């Protein structure tokens, strides 16, 4: 059915009016969620994901502790109403388990786990709406939630999806496009420009793959700028609010003592 | 009781040898362990060994009613399970282990999502009768890189398998036993091979993963290499230079060039594997004298 | 080649203050946030902000502290927060993080587990703290010898869910903290309620115990746990000699009259409001806020309304 | 040479009969095999045992083993020696160890130790010195080198002074080795290549692996580059 819709028309527009390299609107929301140590909501177009981070904290199960670093636990929930066909996925669904394990192994080397021996960091991912690029949204939201929780990270991890339509590469696919096109999700660490995650499940020629990989790497940089701006804005907001409260001489003195 | 993680001397020795581009079993960095395929009595039964890693794959087909939403397509199902017999690493607990999830998802992607088998060719009578192929993967022993071995076994089993010939006259389906008409091979679009690279962070500081120098990449990791690696890159591709699966989650970050160079190595390996698998399957078919006429 | 984005109208009106819905960004954009100014004018700008992965300075001339790591001779930030420098040491302080304990800190915690000769205490840190049986005051005074019977009745002193105030005594090799309550100021908490705030809002003060008028006592735990309770008169506190185990480890609240209950609720709400606006909590600020609230004669519940709480914050911060 | 299977009666008789691994006395003078293997006995027929090969180590007192530290256990460590249960190693069971001065072992360290207690109902215990003389006698932490895992038979062979392998390797390059009868051999040579060659030779000569004899192994060793 979807093949009836033109993916990329002669004028160079996609089905939702975007150009080939145009990303959808991104919304990064770092407002606090009561109870969580850090949380973030991310939307790429109509795809929407919320992530809460708890920890580092005492491990719930002692058998899960690792003597020299923190254990990372990722749980993914996909809301039944997130797709067109309302379907409840069980917790043991292999696809969801793989998804969680992908997020876990992506962040394991990025979080400085060695600073927190025997602790646990819980990452709860909730997919609220799906319209393509779910993995990309989950990775970006997890990065922001971890930054929000003050968990030390080596770098941001910024993910984006790329696809190819008849030799024409495009970025940030919707579900409609994902169903029809081979697509790759790439996550980059912007400081070094290296890719930490590459995930592809559809058939694609090696030469096309190369093109997309490079393109997605660049797009990751663009997303990074946006994410960084949001983190900075939030940090600045908190610093300003705290600065406003500092006026009693008594406190200032104490703050100096504490800082030195 | 799970065996403990490798000791410090093992870890340090492995890292020091890798810096010198040596491997403990004498292989080159991008050399695979010898692959051996042993075919069973029946068609579609293969025992695949990669060094000491061993996987048994078996295919059978039966006639079923197609799924209502796909009346013109046959059904393919893949069953895989890592039992504790493969290695003391695996325990039989309720929830599937990470390895098990990774394996069954990889098999699903390599065999089903990549469209390896022509499903429409499995249709006998539209909406009425189709072939249901069942591929069962038994992991007998894990000495490292079980993933590639299992995918290889599964694909070879599908290549080796032949289904009985059928004849459709009107609404009547006649199945010819192998004794009267030679069974027909499955129609495969392509044969993807899974190739896994283990990645090791360069230099002695293994905590610092974002260093500038290139990481050490090696193909077909052994058990020890796999356990000590800081990340893996799994590719599945066919001899026609088409990638079907790329899976790299975390681990050492790579530059796009490093990813592509691994892909290029894999392209070469896939071509060699294709040649070898093709020859072995034909050889076995010839030996079994399947053709009746 | 340009990578651009957005095609839907932004709905930022619906989103919270920190949401961003940027309309357009291209690769050629001036990088407005790329303030990689030389480190020299760093002193002038005392609150430089940074994000994970940002290079701060060269590792050859500076030392890395908390919140940073070194890669290829660069000191790089690993958290989002403010950069601080003490001589050659560079640290980045994250604005939202779990409590980072130091010896001598006053904390409030909740018992999570009773183990042989020790309690596990949740104190909002990266691991549960440990309170050894030998680190608490036991009935019979300081000189009294440990008895095996104490081990058997540990739940008579503290059991799961009990709140307590304690001091950080030392650290174990794995970084877990050990607490002690060997002072009459410390011990089990009764007659009040707990408020939690981000730990960064509680700074080290001369004293973390203080009383507000209208009979409310406050204990500001450095781990962000704050105890608001009924005032206990100086004379009624258990003296050194008359250590009354029954009273110290009692699980029953005293009688609390309605006026005091209201006062406790009011203080609690004030703390919640100030924390939501990231106002650092000190005795001065709290006292001022409390007086303002009483002056306005706002009812306890009404404080939480947005206009009232904004006015409260404005009154307290404008000075 | 006679092969016995589990359940077979063994003609072992002596006034002072001592039964080794794989044999069990059922009735007064009936000895049966519990393991498949080759029945062996001492020259004077007093000691009998079944020579077999397996990979699972069952601890027996006084045997040297190579273990991996898996965790702390009170005043000592928990050690994996490949047996059904982890062994324990006391911090004081080292040469020159005292309450103040204890060896610095980390999780993952390798040790060469002797089984001091092996009882079917108790955790095995290890010691890294001779309990009488309190001297190390070669036991202690193994630093550097590499750990080779082999069958139990192979490790027993390596301990046999008449076996060809270690002298053969020693004639080619200097080599340190610590052989544990639990199927673990620690080797250390100057060059990583030599260590790899030694590891591959042990695997090649293992009756449960390559199964090469002296001649084949010599050729194999010559084909390696070290």
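Before moving on, here are some points about what is shown:
Going by the order they are written in, the chains are A, B, C and D; count residues from 1 in each one.
Here is the rule we use: a residue touches a chain if its C-beta (ideal position, glycine included) is under 8 Å from a C-beta of that chain, and two chains touch if they have at least 3 such contacts.
On a predicted model such as this, the values are computed, not experimentally measured, just so you know.
Common neighbours of chain A and chain D, listed by label, are B. Of the two interfaces, B-D and A-C, the higher number of touching C-beta pairs belongs to A-C. Of all chains shown, the one whose average CA position lies nearest the global CA mean is A.
Remark: chain C and chain D have CA centroids separated by 56 Å (rounded to whole angstrom). Computed from the mean C-alpha positions, the centre of chain B lies at a distance of 38 Å from the centre of chain D. Averaging C-alpha coordinates per chain places the centre of chain A 30 Å away from that of chain B.
Those residues of chain B in touch with two or more other chains are numbered 210, 212. Counting partner chains per residue, chain A has residues 67, 154-155, 189, 191 touching two or more of them. In chain C, the residues that touch at least two other chains are 69, 71.
Within the complex formed with chain D, the chain B residues making contact are 1, 3-13, 16-17, 20, 22, 24-26. Note for the complex: chain D touches chain B at residues 68-70, 80, 84, 86, 106, 108-110, 142-147, 186, 192-193, 195-196, 199-200, 224.
The touching residues of chain A, counted against chain B in their complex, run 92, 94-95, 97-98, 101-102, 104-110, 114, 154-155, 184, 189, 191-207, 209-210, 213-214, 217. On the chain A side of its complex with chain C, the touching residues are 16-19, 21-32, 37-38, 45, 55-58, 67, 70, 112, 116-119, 147-156, 171-172, 189-191, 218-219, 221-222, 225-226, 228-239, 241-248, 250-251, 254-255, 257-260.
Those residues of chain C that touch chain A in the complex are listed here as 1-8, 10, 15-22, 25, 27, 29, 31-33, 47, 49, 51-55, 67, 69, 71, 76, 78-82, 84, 86, 94-98, 112, 120, 122, 126-128, 174-176, 200-201, 203-206, 274, 277-280, 282-285, 316-317, 319.
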